[in-house]
Every structure is written in C-alpha cells, then in structure tokens.
C-alpha cells in the first residue's frame, strides 16, 4: 500500500568492491568487442587502473576509520547489515588490492614465455594437437585471465567484509569460481594444470556443500543470518545447541578448506603445483588473506560468545596443520610443492595467532590482539610468498619452469642476485630475525601465549625448527652444490615481475626491521565492530 | 509439527550426496552428488525459514541455486576439457599430481 | 702400633706455634727481587733470543744463576744481621687478583727457612750450571738447555719465596713445567717424551691437593696468605686442619715422589744427568718437604695429618731403599735412594716441631751429597759413552780418580759415616723418630742399614772389581769444568755437618719451626748413634759379601729372589697405576667415544632422521586420487564435529 | 658521551664487510684483505678507546636507548657493563688476529678470501651487538643474526664435509634459538600484563616479579638455547663436527667469540631476569657442568683428530665456565667471566697454531704427525705454550680464572670441587699427550721438511701469547671491571659470599 523504503547502501564505503567488480565486467566486454591486438594492453591497463582506484578509495575509507584516534570501535556496518567496513575488513581490502595488483603484474608478464603471457594460448585446444601448436605459433593468448582475476579479487574484498552468512557464501563462491578456471589455464604442462583445476573444483564444491549446510544449521539455531543476531543468540544461549555446534563444525570445514589447514589441506600441494605459477602466487598470498579475514570475523563476531567451545578444536587443527605442513615439506623434491606445504605450515602459524581471541575488556587499547597479530602475519607472509613464487617463474629450462629441486643446484653460481633474493625470502619464511617472517611469528606466538595457549606455541616453535631444515636445504642446493648438466638458466624478466620481486623483498626487509608503524596501526584497528 | 523429519531428510540427502562424492568415479556424477548436497542444504534452509518465521532462509535457498548454477557452468567447462584431453571423465585417471 | 704412635704424637705439644709476621724488607728488597729476576730474565733471553744467543747462551745462563747466588748470600748476611724477632722479611710486589673477600698478592717472604733454600738452590744450581757447560758441550740445543735450567731456578725461587699459597702454586707448577721440559729434553727419544708427560701428569694429581687446599683455606679463613692463615689456624676445628693437612700432603707426595705418587721419579732419569742432580735430587723433589715445614702452623693443629705425613715418609723411605738395592742402572739406583732420603725428610717433618729443623737439615746435606753423586754418575757416563748399566762398569777408580774420590765423599755422607754430613742429619732424624714414635723409628733405622747396602753395592759395581767395560769404551776423566763442581759439592758433603754445630740450624730455624722442648730418651743419644752406625755397618758388610767378593755378571741374572724382581720392577708401582687408573681410563674414553657417537649424537641425528622417515611415509597418503582427498576432508569434518561435541559435553 | 659510540663500534665492521664484499673483483690481489684488516684494526682502536673511557664500577656505560617496536616493548638499547666490555674487547682483539692468521685460507673457498673477510667483519659487528645489547628482543635479533655469517663461513670454507657440518650447526642453533623465542615472547606476555606495559629492557625486566612457574619455564627456554650455544653435554656434538670441517679462523671466531654468547647469556639473562628459577635449577645445572668438564676432557683424550680434540677441550672448559656461573659466588662468577676472556685467547692460540700445523701436513689426524719439534721448533714451542695455557698453567692467564672457578665451586660444595678438579689432571693428559704424539719422538716421514712458521704466522700469534702471559701475572685490570658487574649479578640473584668460618675473633682463644 505505502511506498517502500529503498535499501540504504553506503556506496562510497563499498566502492572498492563495486569498482573491482565493475572493472571485471568491463574486462568481459573488452574480451567481447576489442580487437585481439588491443586486448592485452586494454585488459592490463583497466585492471591496474581499477585496482588503483579501488585502492585509493579504500585508503580514504580506512582514513575515515581514523585509526590513530585510538577509538578501537572504528568502522560501521553498511548495506543493510550485509557488510561491515571496519578496521580488519578495510585492512584486508588494502592488502588484497596490493597483492592483487602485484599478481596482475605477474599475470601480465610476457617476456618469460617469449612474448606471450604464461597462460594457455587457447584452453579449448587439446594439448599436443595441431590446434594447440597453431594456437601457440600464432601467439594466441587468453586475456580473459584478467577479468577472471578481477572477479576473484572482488570476491576477496567481499569475503572478509561479509557480515552475514549468505553474503559470506556468495563471496566465497565469487572468489573461488574464477580461481578454479585460472588453475586450468597453464600454457605449459597442460595436463597437470587441468588436473589441478579439476581437483580444486571438485573439492572446493564439496567443501562449499559443507559450508552451506553449516549455514543452514546455524540459521536454524539463531533464526537469522546476520552475525550480530547470531552473536546475540549465542550469548542468550537458547535453542538447540546441537545445531549450533554442528553448524560451526561444517562452516569451519568450508573456511579451513580455503585457508588450506589440515586435515582439509590435501588439495593444496596438488593445486599449487599444477596451477600456473602466477595463479599459485595469487592464491597463496591473496586467498589466505581473504579467507582468514572471513574466518576471523565469523568466529570472533558471530561465535565469540562460546569461544570456549571451539578454541580447543582450533588448537587441534592448528597443531595438526603445522605438523603436516612442516614434516611433509621435508621430503618434497619440487619447489612449488615444497612452497605449498610451507604455506600449509604457515596457515598453522596463523591459526596459532587466531587462537589469541580475548573479550574486548581484556584487551588493552591499542595492544596486541589476535586479530592484529593475524593480520600482520598475513601481510608479511603475503608479500614474501608472492615474491618467492615470482622468482620460481624465472628459473627455467627447455621445458618451461624448472621446478624440480635438482635443477636449482648451483643457482648461486649461475645468478647470485636471484639466488640471494630467494635465499633471503626463504630465511624470512624460516623466521630469521631482521626479516618480516620473524616479526610475524613473534606476533602470532605472542597473541597465542597471551591466552595461555603455550602448548600450541611449543609445537609451533618445534615445527619452525623442522621447517628451517627444508628452507636451509634449498639454500644449500643453490649455493653449495655444483650445477647438474647445463644447469637451469635464469631468464631475465620484464619490469613487471621485477617489480613484484623487488616489492616483496623490500616489504620483507622493511617489515622485518621497522614493523613498528604497521603493528601500531593494526593494534588500533584490529577490533571488529559488532 | 516439528521440523525434525525435514531436517532428518535433508541430512539423509546430504549424506547420500557426500557418500556419492566418495564412491562415484565419473566426474559428472561426482559433481551431481555435490549438487545433491547443496539441495539438501536448501531443504534445511527452507525448513528453518518456515520454523523461524522469516524469509532469510528461503532467500538464501535462491542464492544457493544461483551459485550452484554458476558452479555448473565452471565445473562442466573444466570437466569437458579434461574429458577431451583424456578421453575419460573418470576422476581417478587424473592422478598425476601426487606425493 | 699406629695407635701407640698416635698417643706418642698426641702427648707432644704445648709449645708455642710461631706465626708468620713479616716485617718490611727494607734495604734487602733489591736483592730479594734480583734473586728471582736474574734467572728469570736469563731464561727469557735464552728462550726468546733464538739462535742468535747460541754462542754465549750457556755463559749468560750460568752468570745469571751465579748472580742470583750472590744475592742469596747478600740476603743471608743481611738476615743474620737482624735480631731474632725480625728475621721474617715481607715484600708485596702487586695484587695478583682479587675478587669478593679474597685478595691474592704476589708477595715475597724471606725468612730463615727460605734463606737456607735460597742458598741451596742458587748454590747447587750455580755449580750444576757450570758442570753442564761441559756436560752439554756437544749438544746442539745447549742454549735451550740453559734456558730451561734458568727457568727452573727462577720458578723454584718463586716457590720458596712466595708469601701466599697461590704464589707457591705458581712456583710449584713452574718447576713442574721446567722438569717436564728437561726430562723430555731429548724429545726424539719416545721414552723421554713419555717420562716427561708422566712426571707432569702425576704432579698434577698432587696439584689436586693444592687446589682443593687453597679452596678449603679460603672457605675457612677467607685468605690464603701465610701470615693471615697462620694467625687464624688456632681457631679452626681439628677436622678442618686435618683436611687441609692431608690435602697439602697429597701435593707434597706428587712433587716429592712420595708413596703413592712415586712412580714418575725413576722414569724422570731419562733427562740429562745435571737435571737429575739439580731437579730430581737436590731441589725440586724436596719442595714437598718445604711445603710441609712451611705449613707447620697447619700441621701443628692436626696430629692425624702429622701422623699421615710420618707414615707416608716411612713407607717411601723403605720403598726407595728397596728399589735402590735392585736396580742396575746407576741413575735409577740413585733415584731410588733419593726417594728414600726424601722419605727420611718427610718422616722428620711428620714428627712435628721436634723434626722440622732436622728435615731441613737433612734436606740441605742431601742436596749436597746427592747432587754430588749424580754429577759423579754423570761424569762416569760421560766417560763411558753414556752407558748407565753398572754391570758394564767396574774398576773405574783408576780411570777417573777425581770422580771416584768425590763420589766416595758423597757415598760416605749418605750412608752416614761418622763425621760426614749425612751422619749428623740422618742420625738426628732416626733419634727423633725413635723418641717420638718407636715404630717409625725402627723402620727408619732399618732404612739406614739398607742405604748402606745399596750404596756400597753401587760403589763396588762402579769403581771396584774387574773391568766389565763395553768393547771400544775407554773411560777417561771429565774436563775441569765438570770436575770442579764435583770437588765443591764433595767438600760440602763432608762439611755439611757443621750446620749442626751447637744446634745452630735448630735455633736459626726456630722462628719458623718453633722451639721443641728437649725430648727425653730412655737411652743417651750416643748409644743411638752407635746403634745406627752398627746397622749401617751390617748393611755395608752384607754388600761386600755379595758384591765385593764375587764376580758381578755382565748380564743381570734372571733367576732372582722375589725381593730383587720386585725391586727391579719398582715394586710394581707402574703396574698398579696401569691396572687401577690407566687401563680403566683407556676403556672409559673408548666407551665414551662410542657413546658420544651412538647415543648423544645418534640421538639428535636419529630424531632428525625419523622425522624425515615420517615425512616419507606420510607423503604416500597424498596419493593423487581426488576421492581419497574428499574422504580425508569428510573425515576431517567428522573429527571437527567430534571435537566440538566432546568439548561441549566435557 | 654525546655520540652513540657503541652503535658506531658495531656498524664500523658491518660497513667494512659491505665495502669488502662490494670491492670489484678485478682489483683482486690482497686489496680486499687489506681493507678488511684495516677495518678490523680500526674497530679495535675504537674499542680500546671505549675501554679507556670506561670507568670501572658504575653500572651500564655508553648506554643508548631508542624505542624500536612500541607494541612489542622492544628497544634499540645498547650499553656496556664489565662483562660486556671484556667480551667486546675479546671480539675486537681476535678478529684482526684471525684475519692475519687465515690470510691464505680463504683463497680456495666458495667466495674467495674476499668473501671470508667480509663474513668475518659481519660476524664481528653482530657479535659486538650481542654483547652490548641491553634489550632482550634486540639481543635475540643479534643472537640469531650471528648464525648467518658463521653458517656461510663454515659452509663456504674448509673441509670436504663442511656443508653438512654447517647445516648441523645451523639447525642446532636454530632449534635452540626458537625454543628461546618461546621464552622471549613469554617475557613479553608477562611484562605486558604488568602495569608498566610491555618492555624488553633487561633493567626493567629484572625488576618485574615473574610468577614462579612461568619464570621457571622461561628460564628453561633460555637455558636450553644457551646450553646449545655454549656447547654443554649433551647438546655439544655439533661443535666437534663443525671445527673438524671449518677453517681454523672460523673455528676461533666460533668457539672463542660466538659460543661465549651462551655463557654470557646465562649471566645476563638467566641469572639476572630469573633469579628464583636460576637458584631452583642450580643443582641440575651444576651436575651438568661438572659432567661436561669430565666428559669433554675424556672425549678430548680419546680424540684421534686434532680439531675435534680442541673442540672437546672447549666443551670441558665451558663446563668450568657454567660451573663458575651457577655456584653464584663472587669467586665463581668473576672466575667464569675471566674464564670467558682467557679461554678465548688460549683456544684461539691453540686453533691457530694447530691450524698452521694441519694446513702444512694436509691432515688433522694425530697419527699422521710425530717429531715435528725437530723440523719446526718455533711451531712446536708456540703449540706447547698454547697447550699449557689450555691446561691452565700458573703464570698463564687461564690459571687465575680456573682457580677462581675451582675455589668458587669449593665454596659452593667441596664435593663439586672435588669432581671438577679432576678436570685439571685430564687437561694435562689431553694437552701433553697431544704434544707427545705430534711433536716428539722420531720424525714422521709425512712431516719431514715441514716449514717452520713464517713471520706473518708468528705475528698473528705473538699478541695472543703476549696477552696470555701478561694477564697471567696481572689480570687485575680485567677483574676491576668484572667485579662490580659480578656484585650486581649477585645482588640480582640475592646471593652473597658465605663468611669464612674462622675470623680474627675466634683465633684468639
């Protein structure tokens, strides 16, 4: 009868998401209408511009949070409660946008594959057939990868900001589906690439099935999808607790799958190895950020009330993840696979920090919290791992990237600069002081100890020692063993990959020596709004 | 009447789906089992929506369907390429990446 | 018997125990520093100077010691010039180290005791330097030899002049080092190298006593300097004093080759003969006696410790004599006799205030006549191309008359022929021993007889009887530079008894050792002296019967009594060490090596390896089949659910 | 002191290492080595200046403090007390000597002599940082950072199995360091809960009242790391493996400087931050220490390889140091501090001189030697001096420290001393037996015609020997700076020397 009040959307606040998704759509149109010659520059250009714009706006949004006012409740719930633009969310945006932009640069790298991007010339063409040969000779390339990654980034922006379960599910799928496709688009080793895509897709779909069912159960318990209402229900502690617990369990399956935590890690090594290295880098860096952002919000905001119920479960998962990741990495012979396991181990370390949940009154204003520790670790790890994978793309032989560790022997002789940078990144992952890896570890362990999770920290410490072994092993290979045969050659990349590597190394160094500024900011914004 | 029968049914469907994923070889069938799991969820959602007396669940069910559709698109694309290269849709054949 | 001994010892006492209260050295400070500095600088120049100093090194070394001897005389006269009560001169050089309550000064203490030692060390030392000029003439490393000798003299002087136990430790190890270097001077001979190491290691065992002793003194008195300790000992419990005493005794045993640490001395004869004369007869080996006498303010408060000292001395003097009887190696025979004579000194110092002075007295006379005889032996070897087997000697008295005559003086002195120095000193010891503790006294008396026996045997086999020389050996008298010291020492051996003239040495040492009230014997001393002479005469006669009359076989007879065999084998001291210490030690180290590799290292490496193995095993689970991944995912979900439920129920 | 002298002191060698590393290869020849040596000498001069300006007694000097990471409570805080000063001096004295001694060793290595010298300078700078750090976080950063130069020095230069040795060294140290990290973070948690807010300044942590249980756990974390560093039984096996493969120079810097971090840390952190836990752990630690003394000595006696032998002697010596630290009386602590310095000198001399020997013979196996004294008397003489200092002969510097530790042990308990003292006998055996087997007896055909030491080699050893002798007779200057620090430590652990049982009063009865 009477007029309806239109949903109120704070367009500026959510503009980063809108921009990125918009640019993605534009990318699709470009694919449709722009002549082939123009596509590559247009795609790269629009993508980078879009990300830059999104970054700019999110900076403004972040500034509006006014992180230096010491008001830890900064931020607001927008879009009818669907999204929360608070400190952690906006920080994740910034992080994802930077990592995303760097990944786009990796995607756009053309010099390594002699003038074409490292993706399948024509995914439809069968490997080893005339069609494929023809496609590669005629220099065909899938510039669709750029819209795809933009969609993924859009989902990653949505994911940590999602303030109700439904939005979270949508975001999850928006970020996952493009990734499934990207995994299958390698120019070399197509079979492996397609297999990776298949595995990732099937398992991803499987896990999201659990996720959705979990949503249903939690909804059944709380009667609402909104985190705030769920939190209230959990506080009130009425209704069928069984539903809640089962719901938490199934939802966490979905999320832990995304972050690659044991026992939901089994896809990680295969997919990381099979996918195009640029995509692997993007997944390892950005997906972790988005997924952990979402994980934090869901558990801290919605399920914070009964954390005593689920923290033991996370203890177990964290310990298992660290052990599986570190121990299995020892026996790997493929550099990408080894980095995959190392990323599993790091997921475990991040979960250790994730344990550092405390009720607001316990947290000293601006003090170190579980949130800020996790976000800091994500920052350090994101840049380090991105640069590491970027270097992996440089080491090549006749058959493309030489990912077998044996081919890395004597790299230090071949090109000391690249080997040195890689060694530095490995030391960072091992957590040697004066690298960001150390400060990051310090932060998450401290957060965990603050809540008395010392057994986890002990395991984490021991596993770091185990992990140190395989990082050092690679350094030994590069510097102290003689090259086998002609040895690998390091192809000089274009400016794009160089920028990525340089940026990653720089970030690793700076965050290792003067992390103070970032940590302080995180200390101030590291609290969710409810 | 209570929601229990509906939930039990959805749970059964969900389990069937999950078991199907584990037991079937053909990628298409595996994927269909996943769809079954999603639909089991839908049933649960709608049941709870009715029980809770609000529409969130039903809306969610629509979203799930849409997403499922999108998944189908992506999934079939991937399965197709695999099938065309390997001439087989058996998920067990795709096991080059291991250890 | 021991118990009676204890009673006797316990009965004694009640006299005043002198404290160490040095007064400023005043004008004597200069010679007091010089006496050490000269040989020290000499050693530094000779050892650092290298080949440049080869030409004149031996002269410099000798000059340094002679200069040092002059200083000692200067000091001695200066001391005599002072009154009884201010005959303890102190001179603090600098603070060595200080932590907490404990301050150790490098300081010198010059009193009658050190005065006599200074004369002995620098005097005999100088003579032996002179002798060595000739003896080492043909050795290319003579300069280095003199460097070591100077080093030894300096260290020995530090030992006897230090005013603090830690300072004594410095000299103590210094002489040990010098002795190590000199025993092993001919390093190319493995036997020499082994002997030197053995000497040092066994001395280290003795040092355990000194280290712990220092520790115990610090705990008890908070200081280790003679004057402060001597002022405090009266307050300490008998148990503590016994402990300190025994620890010091352990040190003394190491340095003075007393039972059970005696085995190194005979091996030490590997060194050049002048070394044996100076270090292993006259001076270093008597350091233990010095330590005990110096620490009288400790031993006077513990009868047990004193008894232990006396008993050890007695055992050693008998062992030494026994060994001396059986050895055919002239130097080893003399070494055995050295053990035995030092045993006398230790026994005397164990008799307490009554014996200290006589211990020192015998130490001085022994220093003279034993050095004399060692140098004589050296001269004999010099004449017979370094042959040491007495069975290859005989009838040398014509070939080398001076050596023979001087040696004879030493011989008469050591067996205690009336009027000779040894007579007075040994006689006094036996007399006191009989008075203080009959059991030990009788042993000492027996020892005197044995001494007569083995020394006579040595004389007969060396200088008398038919020639048993090796073919091509033409014994000849040594050059003047070697015979002069022999003559000088011979003179001392004869005249040493003068020190006892109206108890001069006793009264002179009284400020250090304290006054003993006249001990009362059942029989007049003269009878005891007669008894001693009689026993010695028996020993000599026996030797004549066994070795003077019969032909001495050139090859040592193999079918011999157990006594002889045991003696030849040095009473199986080495065997005991090997079975009790060396053997087990070797096994222990071998075992530990395995343990270290297998268990300690193996443990760490094994853990690493097992993690690697675990990794290899777990790897298999990643079998590449997507459905098994899905299964693990499902299982994970189940586990997560389970965990939540369990926690919730708990 | 307006200028941040300590920062300058630790940046100087690091700058030097960068310069040396960046010198273009074409100006080869001795230039990089000369530059490196120049920098190390410059550092030495500056350090001596600092030592001269240091007033014995008054607490921390040349202190600098800048907040580094506010949220962690970490500061960039440097400062010297007596203990730190002596160890910094040791570092800056040894570096140029080692460079001179290993002039030729680097040529065949992975990055040539240039690289070796660069790594050495880097290590020198970082070590200075370790000894000067007065903030636990900063200390930890330096502590771990020192591993990297050593790792590359070991892995790049030396024997055939050097890479494995380096990895073993690194993993042992990293494991220890990470265990320590847990404790370091624990300190943060404790201090963050205190009203003062998070801090890592040793001075403030020492005032903190840490719960008994927490304190003990953290103590254990620190102690494990330091025990691995200092090598104590049973975590010592990395040391012989490493010294066996590394060049003599590396071994010197490793054993004489780097391993001191362990014992230094025990005093600076274990005792001063966790006094209660230290007292609680004392019995166990002392048993371990005594065991290390005897174990190391026996293993040394059993060693067939010269480098391994010296490594095991160090295990024994570190046992003495730890013993001295944990008896917690002024003799023991002062002795331990002095011991660190003297052991640095004597072990350096021993490693270098045996290094000359081994490089000449091309083998480190003892049975390959014999009668060297005849062909190379100077070498033999220096080796004997080094050996004698290692067995703590009176008149050489280690004697004073060893006696102090022994006496300190006696003050703690006669029985402990009674066992520890066996070490001096075993020391005599392993040193003199080594000398007997290598230097004496008939000349082994393998060593016939061996060159005696050249001027450069003697020149490298001369200052060491001179110091050893000088400090043997006059160690008091060092003790003057050490004693106040010791008093501070003892007040931290609330211990004081027991009064002597007999004093003037009682004696007069």
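The chains carry the letters A, B, C and D, assigned in the order they are written, with residues numbered from 1 in each.
We take it that a residue touches a chain if its C-beta (ideal position, glycine included) is under 8 Å from a C-beta of that chain, and two chains touch if they have at least 3 such contacts.
The chain lineup, named per UniProt: B = NADH-quinone oxidoreductase subunit K.
Just so it is clear, the structure is predicted and the values come from calculations on it, not from any experiment.
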- Note on the structure: Relative to subunit B, the most remote chain by C-alpha centroid is chain C
- Message: Tell me the chain pair with the top count of C-beta pairs in contact.
- Response: C-D
- Chain centre (avg CA) closest to assembly CA average -> D
- Per the centroid of Cα atoms for each chain, what is the distance between subunit B and subunit C, given in Å? 96
- Message: Roughly how far is subunit A from subunit B, centre to centre by C-alpha average, rounded to an integer in Å?
- Response: 25
- Whole-Å distance, C-alpha centre of subunit C to that of subunit D, is 37
- Could you state the distance in Å from the CA-based centre of subunit B to that of subunit D? 65
- Message: If a residue has to touch 2 or more other chains to count, which residues of subunit A qualify?
- Response: 198-199, 202, 206, 210, 269-270, 469
- Query: What are the residue numbers in subunit C that touch two or more other chains?
  - Reply: 608, 619, 622, 624, 626, 630
- Please set out, as single numbers or ranges, the residues of subunit B touching at least two other chains. 18, 21, 30, 91, 94-98
- So the touching chain pairs work out to A-B, A-C, A-D, B-C, C-D
- Query: For the complex, which residues does subunit C have touching subunit B?
  - Reply: 619-620, 622-627, 630-631, 634
- Query: Within the complex, which stretch of subunit A touches subunit D?
  - Reply: 364, 366-368, 427, 430-434, 438-439, 441-442, 445-446, 449-450, 454, 457-458, 461-462, 464-465, 468-469, 472-473, 476, 479-481, 514-516, 519-520, 523
- Message: Touching residues of subunit C toward subunit D in the complex: what are they?
- Response: 94-102, 106, 166, 169-170, 172-174, 177, 180, 184, 187-190, 192-194, 196-197, 200-201, 204-205, 207-208, 211-212, 214-216, 218-223, 231-236, 240, 585, 588-590, 592-593, 596, 600-601, 603-604, 608
- Note on the structure: Residue set of subunit B touching subunit A in the complex reads 3, 7, 10, 14, 17-18, 21, 27, 30-31, 34, 37-38, 40-41, 44-45, 47-49, 51-52, 54, 56-57, 59-60, 63-64, 67, 70-71, 74-75, 77-79, 81-82, 84-86, 91, 94-98
- subunit D residues touching subunit A - in the complex, by the definition given at the top: 68-72, 110, 140-142, 144-145, 147-148, 152, 155-156, 163, 167, 170-171, 174-175, 178-179, 181-182, 185-186, 188-189, 192, 197, 217
